[in-house]
Amino acid sequence: MNAPQATAASSRLTYREACKQALREALLSDPRVFLMGEDIGRYGGCYAVTKGLLEEFGEERIRDTPLSESAFVGAGVGAAMAGMRPIVEIMTVNFSLLALDQILNNAVTIPHMSGGQFAIPLVIRMATGGGRRVAAQHSRSLEGWYAHIPGLRVLTPATVEDARFMLKGALADPNPVIIFEHVMLYNMEGDLPSDMKEIDIARAKVRRAGRDVSLITYGGSLFKALQAADALAADGIDAEVVDLRVLRPLDTKAILESVARTRRCVIIDEGWRSGSISAEVGMRIAEEAFFELDAPLRRVCSREAPIPYAAHLEDACLPQAATIVTVARELVRPS
Amino acid sequence: MSDFKMPALGADMEAGTLVEWLVRPGDRVKSGDVVAVVETQKGAIEVEIFQQGVVSNILVPVGQRVPVGTVLAQIDGARGAALPPSIEPAIAALKPAPQVLAEAPPRPIVAAPSSRPKITPAARRRATALSLDPTVIMKGTGVEGSIRLADVEIYASGAKLAQRPAKKGLDLSQMRQAIAAAMSRSKREIPHYYLTEMVDLHAASTWIERYNAEKSPVERILPAVLFLKAAALALREQPQLNGAYENGAFTPASDVHVGWAIALRGGGLIAPAIRDTDRKSLAELMAAMRDLVERARRGNLRSSELTSPTITVTSVGDRGAESVTGIIYPPQVAIVGFGRAVARPWVVDGRIESCPLVTVSLAADHRVTDGHIGGLYLAAIARLLQEPENL
Amino acid sequence: MTDAEIRALILELICEIAPEADPASARDPDDLREVFDLDSMDFANLIVAIHDRTKVAIPEADYNKLFTLGGATAYLRDALGQ
C-alpha cells in the first residue's frame, strides 16, 4: 500500500513475511543468533511471524519460553552479556511492562555501570498498537515510553523494506535495540527491491514530498498519514509525510528540514498525547524551528482513555486518516 | 410613611453602594439633614434627606449596592404624600434589592495582551526582512486570525503595486462622502473636550531661520515640521492621547504614527500616517511630509498609511485661520491643531513686545482622558517648542 | 532668459504643483499664493523646483520678494543676470 512501485527487479511480500525473512537471514548468517519468546516455536508465533523456523533451525535456536517476561528477557540480557546475539520476542508491548526492570535496569544500565566492560547487544521485538479489538490491556502504543530512555535504540519499521532490513542493523548495534512491529501492519503488502541488502537505522525518511504541511509520524500511523495525504491532495493541499523510523535517537535534522519547507506540522502518534513522543517532536520543532512556523503545531493522538474493546469505540479512540485530514486542512486553510 | 430612595447623584449614575448610615431607626430628621453616605463612581457622597419625620425602617444595610430609586429607608410622619393603606403592606414587603448589579470588573485602560495582533514567527521574520510593519495588516488569514506569511507577501506586493503611477483623478465626491460619514460618526459617538494654548514661537522661528539659512531649498524645513515633532514627542509624556478606542476600550499604541492632515487641491482632506513620527529627525519628517503630500494629491497612498495613524495633527500653515480645532478621526482619541503663526503683542519679562505666537488646540475623547491630561499635553508641546534644537 | 521666458517658466513650475491652475489668470501684481492657492509646502516646493531648474538657490529671507508674479520674475532676472 505504501511501498515503492513494483518493478521487475523487486518482489512483493507482506510485512509479516519480511519480518520472517529478516529473522531467517540472521539465523543463517550468524550462529550466535537465537530466538526466545512465548509461542514462537511450536505455535509459529502469535502473529505467525516465526512460522516454520522451529522446523528449520531446531529447539536450541528457536526457544519457546514460559509465560514470564521478566525471566526470559533477563535470560536474553545474560546471553547477550555472554556474547550471544539473542532476539527476544515480547508478544506485545503491553506485556513488556513485566520486563521493564530487566530492560531498563539491566540491559540499558549494565554497560554504563560496568564502565563499558559489558556490552548488551540485545534485540527485543515487540508487537504494538491497537485496532484488533483486543481491548485495554492489549492495545497500547508505548513506544514513546521506551524512546525516553538513554541507552536504548528504538526502531519503528512501518514499511516492508524496513521490516526486512532494520533487524540486521539492530543486530550489528552493540547496544540494546527494541523493534516495534505494529499489529495492523503484518498483513500489509509491499515491494522490496531485489538488490536491497541493508538499510540504515538512524534516519527518518520523507515518504511523500509536499509543500503545504508536514505530517510527521511513525509505525502503524504511517499508512493513515499517507491516506490523509491523498485525500488532502484531492483538495488541493500538498502534504509531506515523514516517517520517523527511529524514535530514539530522533532524526531531528529531518524533522526540522521538513518543517522549514512546509512551515506547518501535524504530528501523528498512536500513543496518548500527554508526555508522548509527539510532545517530544513538537518541542524540538518549537525549540529549533520556531521562526520557520507559519501556524501553530498540531498533533493527532489516541484519545486519553484505555483503548476500548467495542469496534466503533476503538476506532473513535485511535488516530484516523479523516482526523488527520481535518486537522491538516485547518492549518492550511483556517476557517 | 414615605420612602427615602437612592438618589441619582449624577446624570449617568445607575447604582450606588450604601457605605454608611448616619441615622438609626427612631432618629428624628429634618429636610437638609445628611443621613447616609453613598459610594458612586465619582467617590463617596453625603446624601441629604428632603423630608422630615422619624426614621422607622432601614431597608438597605451598609455595604449593599442598589440601583438608583431603590427605597433605602422609610420615614414616619414625613410630609410627603401619605400613601394609601393598600400600598403600605406592599412597601413593607419590599425586600431590599439583592446585589442587583454585579460589580462590573474595572475596565482596563491597557487592554489585555491578547489584543496584540497574532503574527506567525515566519511572517514576522519575512516582514522584518522586507522592512514592513506586519501589524498594519488588518486581517490575517492564518489560524485564529493570525497574520501569516501569505498575508505579508500579499501586503508587500500590494505596497509595490501602490507605487505604480496612479490612475488620473481621485473621486472627490466619494471622498467627501467618506469624510462626512466619519466626521458625523465622530461627533455622534465621541464626547469631545477642547483645550487651546498659545505658544511663544520666538525660539522656534529664530532657530528655523538659522537652520534654513545654511540649507539648500530642498533641505529647508517648514515650521510645521517642528509642530509635528513636538506633538509626537509630547505623546510620550501623555500616552493616553495616542491609540485607539474600540469596542468600549482604549488600547494605547506602542508607537507614534501621526496622521498628517493634507488638504487636497479642489477639496477633500486626507490624513495619512507618518510612521514613527517621534523617532524621525526633522529632515526625515520634512521629506516624509513632502512625499505624503505629493502622493496624496496623486491618489497614491498605501492603505496602511490610512489605517495606521494613532493620532492626527492638522496645521493650517501660514495662510489659514488663527486657530483650528479638529474633529477626532475614529478610532483615534485625539486631534491636535496648529493655527497660523501670527505676530501679537505679548508680555515678555514684564514688557510688551511683538512676539510670534501660534495657537495649539487639542480635541480629545473624554472617555479616555480629561482636561487635566489634555492640559499637560499642550504644556508639553509648548515646552518642547521652546527648545527646537532638541526636537 | 527674457522676462517673458522667466515668467513662463515660473508659471510652468506652478502648474506642476497646482495642475488645475490656469496660468493665464495670473497678473504681475497678484500674490501667487492667493491666485493658485499655494500653501507653505507648495511654496517651498516651488522654490525647490526653481532651484532645480535654474540653479538659483533663493534664501529664505528673500521669499517675500517672490510672492507676486512680477516680484518673482524680477528676482530671477536679477539672479540669472549675474
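A, B and C label the chains in the order they appear, each numbered from 1.
To be clear about the criterion, contacts are C-beta pairs under 8 Å (C-beta built on N, C-alpha and C of every residue); 3 or more make two chains touch, one makes a residue touch a chain.
Computed from a predicted structure; not experimentally measured.
Asks: Pull subunit B out of the set; how do the leftover chains group by touch?
Replies: A | C
Asks: What chain is most central when centres are computed from CA atoms?
Replies: Per-chain C-alpha centroids ranked by distance to the global centroid put B first.
Asks: So, comparing C-alpha centroids, which chain is the farthest one from subunit B?
Replies: It is A.
Asks: Report the inter-chain centroid distance for subunit B and subunit C in whole angstrom, where each centroid is the mean of the CA atoms.
Replies: Going by mean C-alpha positions, subunit B sits 42 Å from subunit C.
Asks: Which whole number of Å gives the spacing of the CA centres of subunit A and subunit B?
Replies: Going by mean C-alpha positions, subunit A sits 62 Å from subunit B.
Asks: Mind checking the centre-to-centre distance between subunit A and subunit C? Centres are C-alpha means, answer in whole Å.
Replies: So the centroids are 84 Å from each other.
Asks: What residues on subunit B touch subunit A, complex-wise?
Replies: Listed in rising order, the residues are 120-125, 141-146, 148-149.
Asks: Please give the residue numbers of subunit B that touch subunit C in the complex, ascending.
Replies: Touch list, subunit B to subunit C: 209, 212-213, 216-218, 220, 222-224, 263, 265-266, 289-290, 293, 317-320.
Asks: Tell me, which parts of subunit C touch subunit B in their complex?
Replies: Against subunit B, subunit C makes touches at 18-20, 33, 37, 39-41, 44-45, 47-48, 50-52, 57-61.
Asks: If you look only at subunit A, which of its residues touch subunit B in the complex?
Replies: That would be residues 263, 290-296, 330-331, 334 of subunit A.
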